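Alright, structures below, take your time with them.
Paired with chain B in one complex and with chain C in the other, chain A is shared by the two complexes that follow.
Presenting the complex of A and B:
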């Protein structure tokens, strides 16, 4: 189906469970330690796997001597890139071996692997492997990658450029020439680690027919089978992935090196192998956020009309490409659906460096762009003497807005988000008060800042012939409903979301509803958990699946009770006569009747969903990529200590347009979590490489994430909204709630001390040093 | 396999004997530094002598000169003990700022000193209050002023067979005031970027004695010398600026992941100044 599909317009229903506050259905097991995570699992005969990692940022591998390691008691196999069957693989660019052949490209690159009876024996075996390297000059900065004479990392990519995108819409130079005001700025977003609670890992086991099962901490079980099959050089149908509960991902756990490498080790060990990274390895070789440098140039009318936007990006891919191309595209233009800008020009270079490969992380490039763009807009507002919220409101998207990329917004309540954010935080009054207050002789300066934000609910940019989601409901002979879906849970609560939809539509208790762990041998096809797609896609499909099951239940009851279907309704786990409520048939009775009438057959509810008006981008990156653009507005109030440079974020407001909320409690949790993580990125977190390419803060003492003592008081709220392209009206929250945080805090700091920090993170040291410069008479910029 | 042997004597003399007899043996108290170090250094072999069963190491008792605190007393207890809170409030304050709740439940005040990290929080108040380390050894007990206890990062005067039994802290003089500042990147679960402890004795509104200890800005905690030039002074803004400057000159901070040399220098001045400003407030 494509944009030619007929206009879809779902209406808001009379919900009883949807929109209420429900604790996660798996919460009690998690907090009491009953949940078995990937790291906790064991299989009979299971061995442990470990990889030997390059100590060099860039080097030729001349020779590997594994003989001593092979002789160590307890070692089952020792592998190198040259003695295994493997292919280069990657989700977008196939540029990475499971085990290096001839060359290593970052500190942490896998050169050899072992399987042994326990992890200690693995470690000992690794210490016995002798690798002869010839170190090569390394590229350690994205700004150096494209320079003349820079060391080449991948032969196939001259100039170390993995992708160059150029998307012009309209004659931008003409607009710049004639505009009342043109503003330029540069901004840089840093390397941030996802810091999920469970490092990457999986357990792999092969049968005698060459089928592999991987129990994996993964967000995209079905789709990643394709990547892993390439790496392992086997047909996709031989790869089965089971997704047990796992400790979070935030984007890092789409296709990862760790799963196919674990499977490769298990293949040669001929026994199940557990291959789980320790925290140091996870810091070294996870897939942290893609750092980006932005040059922004915008054109404005005197009245604050946004006329044109030009963005030039350099994005740091690290040693291997992962999803960098899609992430960079998002950074280029995703925000263009929030503002009505007629002329936009976006260009980017995605470059390789000899550092940790970077990948997906909450916001997918859009966070980086919001930091740059919403800082830029605050600068413009000041220059034009227009209030920051007012400047945005003068250009904000409205329902039905079609942007220059062919994207069409359906439900849009961003104006309401901004207005409510201003009102709840008492923004303008505080700005007035702080202006007076900050003149006093007090080292604490106060500020308040805001930033609106937008993200998608699913991004139609990955697979040309496919977009959408599916749900299969199966009612067993006791009347219990099982939900099979490939929009999986990674802690964000979709299991509870789906349970609530079934409960609401089929009028049954949670205890009779189960959402099993996804198993790619069983669940319908689907893309998995990324691009904030889960709720929008899965509840869209669920809406159809519950309707299907409802019809079947009513039909069965009509036969059993000998009453017309029109007289029947669902109530308290039964089909009940509206005219004579004493006549009813419970689901167990109906389910058993179905199994007996159709020997063995369970009652099925089938649902699928294609977002209307969404199409795969053409070769000019034109066409609408999402059916549900989700919006929000973040406001931050800060206190800057001018003696230490430390920032205390005293309060934050997250006001969001998520369409119809499904679980208000989980929604509030997401907003709090997104703001907490965004706070860390803005003020504290920065994964740093030393001059030798090694990460210098690869532990939680040195790489600091916020603790409960740092997190500001957070006010989370949603505005009234309903996304009419999906059955239950729900859009997304997972990424939008992160995105607005950094620019809101940045703008608040500027309001407090009159200095902008265009490079993340904004540390106490940077602030103190800039305050010192400002005192000396420097300009208010850092 | 991890190669660890473990001994848990109930008598101090047995602990001393075991440490002398067992090659490469080391003391286990709270383990919060040791186990982290062991994990970071590829699980080296260990012969452990656990001292937590030795009763006299976990007592807090009033003695003639002041208060004895056993080396095995946990940070949690130090931070909540009424005697410490009333007589040595900044020691309780420093203990309450070590690591996290979980760390404070295990970590001991003796371990904090024996680990000899320049950033150790509780060492600063102990030093500023003039505490002595009580050391048990085969030949008997001896006392070493804590000021003489540290000889380098991770290095103390303790020899093989020595067990730090505890600290004796003399009662602070009348009309004395103590202040402590831990400057860290985040409020919880962090090491100090700069630590400062100040003990101030006043006589008719003028300074009679001043002691300042600096943490995390040199190879060992620093006892700032030459403060007698500030005796007999009145604490005004000029005094605060000069003494902060003097203390910063006594330090030799380095640049590391927690902070640069320049930032640390600024934070020494600011933290020292804060102590004195807090007094005048």
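Presenting the complex of A and C:
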């Protein structure tokens, strides 16, 4: 249950390890090649699986002839939608089969699958399967999806609309009528691919009682069991997921077709099956970012007071819905916790198209919105002749701010982030200098731009009564502590974060602390790493778990040493008498005593955490969705070559409010990595579909992500902050660090050449063409 | 299915293997020698995760046919450390926090070794140029650049710390 009534206020502790800089605890295994990733794994008796994918964007499946494939030596089984037990599934809308039945909806949709002794035999078998299609007209643009007469993709969703949301707060027309200034703009955020370096995959194995174990590259092991059980038409208790190390996720690796489809193949093959995508398949069906079109209309007073915001969104979820609805909701209003805007009206249509299904990606819709909104705010600042940072500061949220949706921000240091960002980048001085410099006859024009950002830190769950997270500590008979938690590591470093918390609170060395790979048969229930949950939720629960274990250790030592508990403290892996430090009991001794006194029982530290003041949204989407909100400010400095259209980002600054930092080294790495990914989205990356619905740049040669050669220098820093709703005061950074980048670069480019590019990515071609238009006397807009 | 005998040296040891003629060096290293540190990120020579040293030069082993390695000397990520002692480049990657998910790390480390062989004290441009074939999606490369500089200093000083 939620804890709305309870006012919680944790205090900052006297930390020794927390707040320091620690290399990842798993870094040595990674740097020596010893870490075994999902795609490195094999199981005894393992076969390989491959899927046959639709070459059509939209087509009826008339007939599938698998006879030749079945006869190929080395093939164990050939599956189609007609000869397997399956259900339509999906995390929000159940609209996708594991193997298509009667109809395919995008290029890459799975129509058949094989299991065979190796991948080459799989490929050969796929080539022998004959599918008869009847191509149908396809919807290839979100702007066409709702048009009269548009082809219908899913029978259950007329007009190709999966969700329509409308959230009015206050009388917005009244505000627009009376405002000093009303500004309107349109913006579009493009399809970006997560491009983790290890493609998606898993290995599945079934026992004779119908239980399946999936070793999966997955961010949400416990939570996704529910989805996968539906797809496989088995009870959820029969699904076990083990999460070995995997090579990056960035949101793509939540519930994903690849895992249950691999499990389905293994079920019919009656042997373990490795089902991993190759890079082309990963590009074709990896759930990239939801593209969105925004219409923004805002109202302002003469003094720059933000009076009202109206947003209308069309979001393109591609062929299947995935998390589209939740992502679109986030795009509608999450930013409303950063500015004090009394009247807000948000509306959206989430539409199906015959393109790659889209899903979660760092920012969860909020990145798209920040691009639109923070571009828009720069336009307003210029019209009102107010400096961009000043306009934001005049409207910025303050600690304890409650917005019109019923969300409450607790610690808020966004003002400090903006001010530090301005100071570190020498923003105003540079703007002055560039104004003069850019008048010179030099093809290189310089600019600097900024954008603040906000994201949740531990969004509440999608299940009504469950809000929080848990940690279970187990001290074995040698005094080694194992940490079981369902906020897993995907490279962001939560394993190290949790190790540091244990080390700090229980005064132990890292080498006696282990965070095993999550296994849903063992770990407490939890949701997984998304919505920037890890640090906030897991350390919140950890705070309680270490306190529990500390109390138990002191009680044991008190009995063993025959000293009062009040005389005892933890020090260097032992419980020590404060009055006589020569009297002490090491953890191995205490752990062994516990195992003997309570035969066989390990010492447990149990921790759980429910953020205060968080509640399930009502039918009007009202109620606080997050215990903490993480803030930041990004600044970009650019040079635009007006002869080639090329943009060089010379430097970026990411200043963030993450509450109490746990691991400063990892924190910097997250900020730098987030900004780098945002830089790619802004200037380079765009997954494009051809007129036949095929992705035309489905490889790293054509879909270019930032390399060492083009990445700007990135300065990462945090401001003083403490989030008092969670034990160690820490907020998460995973997504906030991405979100401010695109608008900051956009605003810098405008500062350099006076042209805005309201559609991502801002490529050299677009810039060159817009400069040509501007020369001809066109508008300063593209 | 054609096979051919392959004689080459991997991480200092002679190997004589019967390999399929259509297999890549990466496949042989991973599937016949169990050297799983060499990762496959794209299989098309574009991400650099499979980078190994071949006769002292960095190559993407997913683009080298195994039979082309006849007589060659190959060093993979598993061959860099001497017993328990990490190679200075490995030490530097750990210290600098240049590793997140770690999937690009083996290839990135091998490319750094090759880079420092060519430019023992590289400037910024040489570092960027030397690592441009290795994609990393987690770190934003900043801490990898720091790691290269730390490794360069370690190797110049011949010191372990």
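Quick note on the criterion: the second predicted complex is superposed on the first by the 778 of 782 C-alpha atoms of A that agree within 3 Å, B and C clash if a C-alpha of one lies under 4 Å from a C-alpha of the other, contacts with A are read in each partner's own complex, and residues count from 1 in each chain.
In this text, a contact is a pair of C-beta atoms (placed from the backbone, for glycine too) under 8 Å apart; a residue touches a chain by one contact, two chains touch by 3 or more.
No experiment lies behind these values; they were computed from the predicted model shown.
In the superposition on chain A, contact is made by A:123 with chain B only, not with chain C.
Of the two partner chains placed around the shared chain by superposition, neither chain B nor chain C is touched by A:586. Greater residue coverage of chain A by touch, when chain B is weighed against chain C, goes to C.
Legend: residue contacts after superposition of the two complexes on their common chain; A:707 is shown touching both chain B and chain C. In the superposition on chain A, A:765 contacts chain B only, with no contact to chain C.
Within the superposed three-chain model, A:55 lies out of touch with both chain B and chain C [touch as defined at top].
When the shared chain is aligned, chain C comes close enough to touch A:27, but chain B does not. Once chain A of one complex is fitted onto chain A of the other, the partner contacts of A:492 are limited to chain C, with no touch recorded for chain B.
On chain A, the surface patch touched by chain B in one complex and by chain C in the other comprises residues 699, 701, 706-709.
Here chain A touches chain C in the complex through residues 21, 23-24, 26-28, 30-37, 39-40, 194-199, 245-248, 250, 278-279, 490-493, 665-666, 668-669, 672-677, 699-701, 705-709, 711, 713-714, 716, going by the rule given at the top.
Chain C meets chain A in the complex at residues 30, 35-44, 46-47, 49, 76-78, 80-81, 86, 90, 93-95, 97, 99-106, 109, 127-145.
Against chain B, in their complex, chain A makes its touches with residues 118, 120-121, 123, 643-645, 684, 688, 696-697, 699, 701-702, 704, 706-710, 764-765, 768-769.
Those residues of chain B that touch chain A in the shared complex are 1-2, 40, 42-43, 100, 183, 185-191, 257-260, 262-263, 266-267, 270.
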